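Which chain is which? They are A, B, C and D, in the order written, and residues in each are numbered from 1.
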Amino acid sequence: MLEAAPHRFPLRVYFEDTDAGGVVYHAAYLRFAERARTEWLRALGVPHSQLIACEGVIFVVKRLSIEYLRPARLDESLVVETRLAGMGGASVRLVQEVRRDGERVALLEVRLACVRLATGRPEAMPESLRGLLRAQS
Amino acid sequence: MLEAAPHRFPLRVYFEDTDAGGVVYHAAYLRFAERARTEWLRALGVPHSQLIACEGVIFVVKRLSIEYLRPARLDESLVVETRLAGMGGASVRLVQEVRRDGERVALLEVRLACVRLATGRPEAMPESLRGLLRAQS
Amino acid sequence: MLEAAPHRFPLRVYFEDTDAGGVVYHAAYLRFAERARTEWLRALGVPHSQLIACEGVIFVVKRLSIEYLRPARLDESLVVETRLAGMGGASVRLVQEVRRDGERVALLEVRLACVRLATGRPEAMPESLRGLLRAQS
Amino acid sequence: MLEAAPHRFPLRVYFEDTDAGGVVYHAAYLRFAERARTEWLRALGVPHSQLIACEGVIFVVKRLSIEYLRPARLDESLVVETRLAGMGGASVRLVQEVRRDGERVALLEVRLACVRLATGRPEAMPESLRGLLRAQS
């Protein structure tokens, strides 16, 4: 069986993403990775705003680890590759790579939980979403 | 008559506030100024979270201008001085200065509107808040 | 004479851009506007990193005013339109509109100065850049 | 032997730190933790700007993991506790807890490398700094 191709999200490094060290600020990669997850969900047909409006649920980050492999700089073009790495009833695990041309700049592993927005309590993902995710893995 | 002393909010410049130009990123001053406005309201006895919880209203920025006079850098200590410059039924106008030691780094003028959180519509400020603000001017 | 069409820069609103008021955080528009200015310069053939590497100069914001006309929300598609509104020897003035479909969300006027990166001193824009800008106005 | 008390850095949650989910944005904790590390170094007598100016080195984040235990909200007071957890020739490992009153909100483990600013290459920490850190552990 072939593994599904990762979702690819391209982005550009702007001044807002850099710091006085001359490179991309370490926390900016978390913003890049979240943009990529948002577009990955949108490509599945499930934008955040629809999850909130129709289901009253939201994904929150429960755990995240990131390894910084190479610095990135102003004006560079990066791509975030997102792969579903695991799935529970109320959570998903993703692996995300930030790449520049052929090389890896940063590597993330992210665990998201589905929670009810009104209460903040974990909640099983809607079955329709689970079906879409199963088709990815 | 003596003018009321401005509210003073001290802060430190961290890496998150700088960019690859080696100085404080221009949009970071808006965050500094909002922290100062939040503490100015708290000093008046009206924290944002209480305005939201008790009155259902929130202040939003309607108009803002900023002049950048000198660059600021990593690790510097800055102070934001906040003065009430005008007041309408549903809005206030503030002048804010970002200072380093004796000199001015940036100068802001900000117009805030009081809006109902649920609707986003402008709303007269609660009378208790108006009284507190009148005592400032 | 026809006015040149504005430069158009599309973007999406992500969680990072919003605040607990449920709408786009007021300082996020400055980041949107700077991304648009960066792409406007790139479209002219002058990316920031090239200005820095080849000329040793950089554009810094000297003065900015912004009017917030309508709130924007998570997942919305916005466009920043950028027009050159004036030009001096060492500075440019831009008007930028943030739009959602047909309507204006925010309106900015920005004055940028060209400064030598090593000294922070104002410096006349490189003649090649001035020529490109004149062709815009 | 008694373990050294952790360094404690208090902070307040502002609008800039929150997102449309109504809670602190997940990447904001990395900014909080870096502010705390900066003040921890300053308390040791080694502010970033001095490390850069005198030694030409800088600490960069090489690896970071964070677990989100409870949401934090606008206007809350948090404290970041920072402990040195390990030390190599050119790197340190820190454990940082973000706490609200008695309870843990987030837990971070961070590996920093000392690099030469001009080259980005790893470099042994200055001996004076190593001495200060040894006194902490």
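Throughout what follows, a residue touches a chain if its C-beta (ideal position, glycine included) is under 8 Å from a C-beta of that chain, and two chains touch if they have at least 3 such contacts.
Just so it is clear, the model here is predicted, and its values are computed rather than measured.
*Asks:* When C-D is set beside B-C, which has more C-beta pairs in contact?
*Replies:* B-C
*Asks:* Can you compute the centre-to-centre distance for subunit B and subunit C, using the mean CA position of each chain? Integer Å is fine.
*Replies:* Each chain's C-alpha centroid was found; their separation is 24 Å.
*Asks:* Roughly how many whole angstrom separate the Cα centroids of subunit B and subunit D?
*Replies:* Taking the mean C-alpha position of each chain, the two centres sit 28 Å apart.
*Asks:* Quick one: subunit C and subunit D, Cα centre-to-centre, how many Å?
*Replies:* Here subunit C and subunit D have centroids separated by 34 Å.
*Asks:* What are the residue numbers in subunit B that touch two or more other chains?
*Replies:* In subunit B, residues 15-16, 21-23, 27, 31, 34, 73-74 touch at least two other chains, as defined above.
*Asks:* Touch graph across the chains, line, ring, star, complete or other?
*Replies:* Basically all the chains touch each other, so complete.
*Asks:* Tell me, which parts of subunit A touch subunit C in their complex?
*Replies:* 12, 14-16, 31, 34-35, 38-39, 42, 47-49, 52, 73-75
*Asks:* What residues of subunit C sit close enough to touch subunit D in their complex?
*Replies:* Per the stated touch rule, the residues are 15-16, 18-23, 25, 27, 73-74.
*Asks:* Which residues of subunit D touch subunit A once you look at their complex with the stated criterion?
*Replies:* 21-23, 26-27, 30-31, 34, 58, 60-68, 71, 117, 120
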